[in-house]
Amino acid sequence: MINIPIDKESTKLIYTKYDKNKLIKKEINSVEEFLNDREESNVRWLDVVGLSDEKILQDICDKFFIHPLVVEDLLDMEQTPKVEDYEESLFIIAKNIILEDDLLQEEQIAFMLYKDKLLSFRFKDTGIFDGIKSRLRDGSTLRKNNPDDLLYALLDITVDKYFVVMEDLGDRLDDLQDETLENPDKELLEKVYLLKRDLISIRNILWPMRNTVSSLSKNEYEIINGNTIYYFRDIYDHIIQIIEINETYREIASSMLEIYLSSIGNKTNEVMKILTVFSSIFIPLTFIAGVYGMNFRYMPELYWKYSYPSFWIISIITTIYMLRFFKKKGWFE
Amino acid sequence: MINIPIDKESTKLIYTKYDKNKLIKKEINSVEEFLNDREESNVRWLDVVGLSDEKILQDICDKFFIHPLVVEDLLDMEQTPKVEDYEESLFIIAKNIILEDDLLQEEQIAFMLYKDKLLSFRFKDTGIFDGIKSRLRDGSTLRKNNPDDLLYALLDITVDKYFVVMEDLGDRLDDLQDETLENPDKELLEKVYLLKRDLISIRNILWPMRNTVSSLSKNEYEIINGNTIYYFRDIYDHIIQIIEINETYREIASSMLEIYLSSIGNKTNEVMKILTVFSSIFIPLTFIAGVYGMNFRYMPELYWKYSYPSFWIISIITTIYMLRFFKKKGWFE
Amino acid sequence: MINIPIDKESTKLIYTKYDKNKLIKKEINSVEEFLNDREESNVRWLDVVGLSDEKILQDICDKFFIHPLVVEDLLDMEQTPKVEDYEESLFIIAKNIILEDDLLQEEQIAFMLYKDKLLSFRFKDTGIFDGIKSRLRDGSTLRKNNPDDLLYALLDITVDKYFVVMEDLGDRLDDLQDETLENPDKELLEKVYLLKRDLISIRNILWPMRNTVSSLSKNEYEIINGNTIYYFRDIYDHIIQIIEINETYREIASSMLEIYLSSIGNKTNEVMKILTVFSSIFIPLTFIAGVYGMNFRYMPELYWKYSYPSFWIISIITTIYMLRFFKKKGWFE
Amino acid sequence: MINIPIDKESTKLIYTKYDKNKLIKKEINSVEEFLNDREESNVRWLDVVGLSDEKILQDICDKFFIHPLVVEDLLDMEQTPKVEDYEESLFIIAKNIILEDDLLQEEQIAFMLYKDKLLSFRFKDTGIFDGIKSRLRDGSTLRKNNPDDLLYALLDITVDKYFVVMEDLGDRLDDLQDETLENPDKELLEKVYLLKRDLISIRNILWPMRNTVSSLSKNEYEIINGNTIYYFRDIYDHIIQIIEINETYREIASSMLEIYLSSIGNKTNEVMKILTVFSSIFIPLTFIAGVYGMNFRYMPELYWKYSYPSFWIISIITTIYMLRFFKKKGWFE
Amino acid sequence: MINIPIDKESTKLIYTKYDKNKLIKKEINSVEEFLNDREESNVRWLDVVGLSDEKILQDICDKFFIHPLVVEDLLDMEQTPKVEDYEESLFIIAKNIILEDDLLQEEQIAFMLYKDKLLSFRFKDTGIFDGIKSRLRDGSTLRKNNPDDLLYALLDITVDKYFVVMEDLGDRLDDLQDETLENPDKELLEKVYLLKRDLISIRNILWPMRNTVSSLSKNEYEIINGNTIYYFRDIYDHIIQIIEINETYREIASSMLEIYLSSIGNKTNEVMKILTVFSSIFIPLTFIAGVYGMNFRYMPELYWKYSYPSFWIISIITTIYMLRFFKKKGWFE
């Protein structure tokens, strides 16, 4: 249901390596450059952007001894987030949501975490990691740390994007709420439906994301330092928060539909009342007028002098009586 | 969805220390005063109110070796309640709900619990801890105890506020219930919707609060005495009770919306009946009157002497027949 | 939501002690009498009825070293059922439901179970334990047993009261069901709503009761004999059964509301059909009659000899045609 | 909700004993006969049918040292299915459903399983075990086995009856489905409601049956051979399958009610359209006819030669215009 | 609910055996041929297609010492997916879904996995394994592996078929969504209902499939190599993904029904408005025309010169007034 961008970009390999003292970032042309670089460093990060060039990818996977199933998952844009433990490495799939022109788009990012390096795979350069790259350049505390801390930073920035989307949806929900209570028209129905569908779709990503980060934060994998666990727990808290917001929004959207249905009932009721008031008052009077429009030769009232004023008096009395009857029923405020 | 007060107060440090024999409470200007006070005491409590002065906060966090992630959480007003164990200390986030002019507001309170001291962080002085402060001054049994007992007392007073809010909502629900059954009008719909939204929002705070207190009451953390566990279990019971009340209220509000929808259906049905009775009786009669209002030259009835009285007799009989037909259908009580 | 009786009775202490051979039951004035009675016996039971006299209660709690939180719970009429283990003793809160004039009332009963004695605390003498008292007097097998067997007997009799209430609600449900299917009127809506609300409220008591009895039946507490476990398991089965009945009733009540809504739709549809049949037949005919009631000088039909009979023939044919049209649409059975 | 047959049959004791070589089946008059029969045999099965004679039952329970709570359960027709372990024996309650004239009836069967014998207790002889009895007579593999295999065979035949009932309900559901989509009338509503109620009631039996068989198939009880476990697992699979079918049927029935509601909305909409088309076309025309039926002396049109044909032309044009307006709105197919 | 093809095919035995170097595939006539073939090989696979010939099946089961319950399950077309461990072998039932002419059909496939061989049982040759057979012929890596890898490959291809079905249903859902929002007519209701029913039915297969594959991927069975576990985990991920898609589709279909109901409400409301506008304007005017069509002798207005133009002026003013009234109510856009 969430739109997935179809056009893949050509493959770029961005190689970043750093420790406390230095940071080197360059685009490389083949994995060899990465593998041949034997200089010691805290963290070596290969960011593979654009997965269209299957040859390069196959090359990477061969060189890093990546399990064939992982390769398959890497190239499939419709994976669900998950962690898989392959002894020497950890394979992680994460998802990001982007809202472009009120259209949900998802971005899939895969990671291979090793003791001394991190590989990341993205289909497209959406600029999601730019913040991290500048933090590294500016020499943040991140520079002192290990690949798992880098993974944390990248996942954290990914999860933070959800808040932006949820806030946007929250604003839309607030607008719809006011409309529902004040002026429930036809277009509203479509808007609520589309919002609800978006919320359902987001939840489908959030739950596996939650499981993914949960298992990262549980000291299950020896590749992740006990220290970094705290940080993953923090991401976990964020996801739980987003899930809760999502749940709340969905329930509110559901309530809105219920309210909408009742509102239409109310409106129809009001229309009916107007019709009934008009009909109930004038139909009997029209009948009486019809009676004295008959052409029977023998109709004594026709020749009576006060017939016509009597007719009006009766009409007015009936009308007043009817209006009071409807008033008593509470049809007028 | 719950409103969060935006304006932060300037930072105040309120330092309380007590044991069985004495109680000292004063406002201090810097953390140094707290740290330099080496005099022995059962409990030392630093209540930090107003978190606008990030310098002081940073100072506190540095002096107490607080984890950077905790600092981040402290300053974020939209945290979900949780406990985090940091070996030497326990970090707790709790939430309180206030109902101001029928508007839900939440108050976030953070605690750092150590073996010998307690830090609390609040964005605003809402007077929530005043009861505890006076109990300490009056020399309650609290004075004999440890920091974890103080934490219990503070959490207990926080959770007790929920009951006040739920009671208020319960009263609103009772009012709405009577209105729904007696006079379901348009405004009611908005009220039920808003009440339901509030209940959904409160639940979102209650669940993490439950988990938070649950883990405090489970002997998981060595910083909390086995004895105090019983007390946390008591708070836990209270939260469970509030969750149950909330759940019940939500279900009742949902039932109310169902009833409302059926009620409108009933009302529309009644309006339709009135219209149908009037129309069904008078439309055929008007037709007959119309017939004898025609100007055809050759219409034998027009010249018949008893036509007019016959017309009335037929009209009356038809009307009676119709009324009995509707009565048989149960349209009149 | 469930009504709680407000007026407390004055405190009575009923002291029962028995073994295989003898049974002594008397009202005593102070706890001293109970404590001073050093004569050996299987079971010593102190039934405290009416909790208005806080002095006596405080006295009891002091003498039996009851935890201050327990005392607080004892005096609070709105506790949720629970078990709490206090090494030497077990604290249990149970709830009973009474249906007075179709109004749900709950009765809270607290127990303190020791190896050699049982304390029970009730707000009011509703006669719930009378059956047990007469069974003891008549020398049942109960006399041979321990305090935990007495607790079983008292809880069993409490839980059995639920069946009485559920049966009553089941009868009401059956009545409503027939009404819904045969004659869904306005009052029915209120009745179904109130029944559903009652069922929701009862469930709120049943779940903690279930947890309470479940932990009693799980060999968790050493104060309860392995033998008596079987008996608590039996109570547990009963509660599960009541929960199931409750759940079924609630689902049926929900279905009923759905059916009701559809029924109103059906009824409105039927009303509309009658209106439409009458209108569709007579409105065109009235138009034609109106045409020939016009006073144009040049209207050839007026002077034609067969106009009037032709008018009637056309009217009748049209009517027949319309009736067949509606019949074909299935509007008449 | 499920009907329970009230009339109990008089008690019959049917004693069956067999091993590979022989099978003896006879009705006996007292338990003594069973107990006194000391001849060796694989399996000795006492089938107690009709539980009205409490004396015989009490006798059986005394002779077999059956726990008093079990006796109580045996005589209560409204037990929920369960297993209870009594060291020397296993007490099992199972339920069967019978559909008589579209009315659900439940049959309760209790078993006491010992290492060397099986007791079964039934309120009425519904012929449910006849299949087993003939299989024993025909010398099936069953004859080689132990009492737990006999229990399996009896439970298996009981659970198989559920499939018969579910199939019947499935047929009813299919019929209702066609009716809902083609011709949703009033009776349908009642049928769907009753079907849904039946499904809810059946689920209430299935869940405890599932738990019962699940614990039998889990090697929890030493009285059951590891070998027979496989067989109970098979029954377990069957129950899971029935639960799933039940769940599906209930969801489909719920969808049907939603569809029904929308269908009525559609039908009312259609009725309204017919009314509106007739009214909107003829009401304005009738007004015009009414105008020229007025008796004002000074109405120039009355004397104009082409008034009357003009009137008709205008009427026809208006009608055509209106019909096109409604056609454009999509009111006619 | 899902259609099961009734006609069974005649039994064919397809015997495939392979290792790295060679692949032999032939149809055999009896199990003997399989058993007598003592030549060493990695994998020996007997694919039994068409289960109508019970004699051959019985023969197979006897020769392979298959448990009688398994035989029973094999021949029953309505099994739920499951794994059963029989020490020497593993019995697996899997299900495939096929969508033929918008009709769901399920295909049941059973496997017996041994250390050195695999048996598969299918009711019909639907060509589901053709992909595997060609992969084996083309000498894929599969040829190097064990029977559990073959089982993986066969299950994987089975599960992949679900995606095809879900995609098809997703397309139908998208079409229905557009129709619901733009033109909610009667046929739509049936389509949404049938789609929802299909989704419910598919879920009933997916859940046991999930449990089946889950237990295969959990290192529970020693017959499955630790290495192959990764692969089963992959299938597990796929099933989870399909379950999520199914869940999302069902929720969206439910939302659609809600939207539909509201849409009909909206449409009825609009029809009512048209009727009410026409009636409210013309009914009073017709009354006035009726009044001056009366034949009273003494009606001064009849003789007044400006009566007729006054009548028209009043009519037009009233109409304008009414139109503005309805416009103010927002009945026209």
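Just a few scattered comments:
Labels A, B, C, D and E are assigned to the chains in the order they are written; within every chain, residues are numbered from 1.
The rule we apply is simple: contacts are C-beta pairs under 8 Å (C-beta built on N, C-alpha and C of every residue); 3 or more make two chains touch, one makes a residue touch a chain.
Because the structure is predicted, anything quoted here is derived from the model rather than measured.
Common partners of chain C and chain E, by the touch rule above, are D. Averaged C-alpha coordinates put the centre of chain B at 40 Å from the centre of chain D.
Centres computed as Cα averages put chain B at a distance of 25 Å from chain C.
Counting only residues that touch two or more partner chains, chain D has 261, 265, 268, 272, 275, 279, 283, 286, 290, 293-295, 299. Starting at chain A and stepping first to chain B, the chains sit round the ring in this order: A, B, C, D, E.
Residues 170, 180-181, 230-231, 233-234, 237, 240-241, 244-245, 247-248, 251-252, 255-256, 258-259, 261-263, 265-266, 268-269, 272-273, 275-276, 279-280, 283-284, 286-287, 290-291, 293-299, 330 of chain D are the ones that touch chain E when the two sit in their complex.
Taken together, the chain C residues at the contact with chain B in this complex read 1, 67, 69, 73, 78-80, 82, 84, 86, 183, 186, 189-190, 193, 196-197, 200-201, 204, 207-208, 257, 260-261, 264-265, 267-268, 271-272, 274-275, 278-279, 282-283, 285-286, 289-290, 292-295, 299, 301-303, 305-308, 311.
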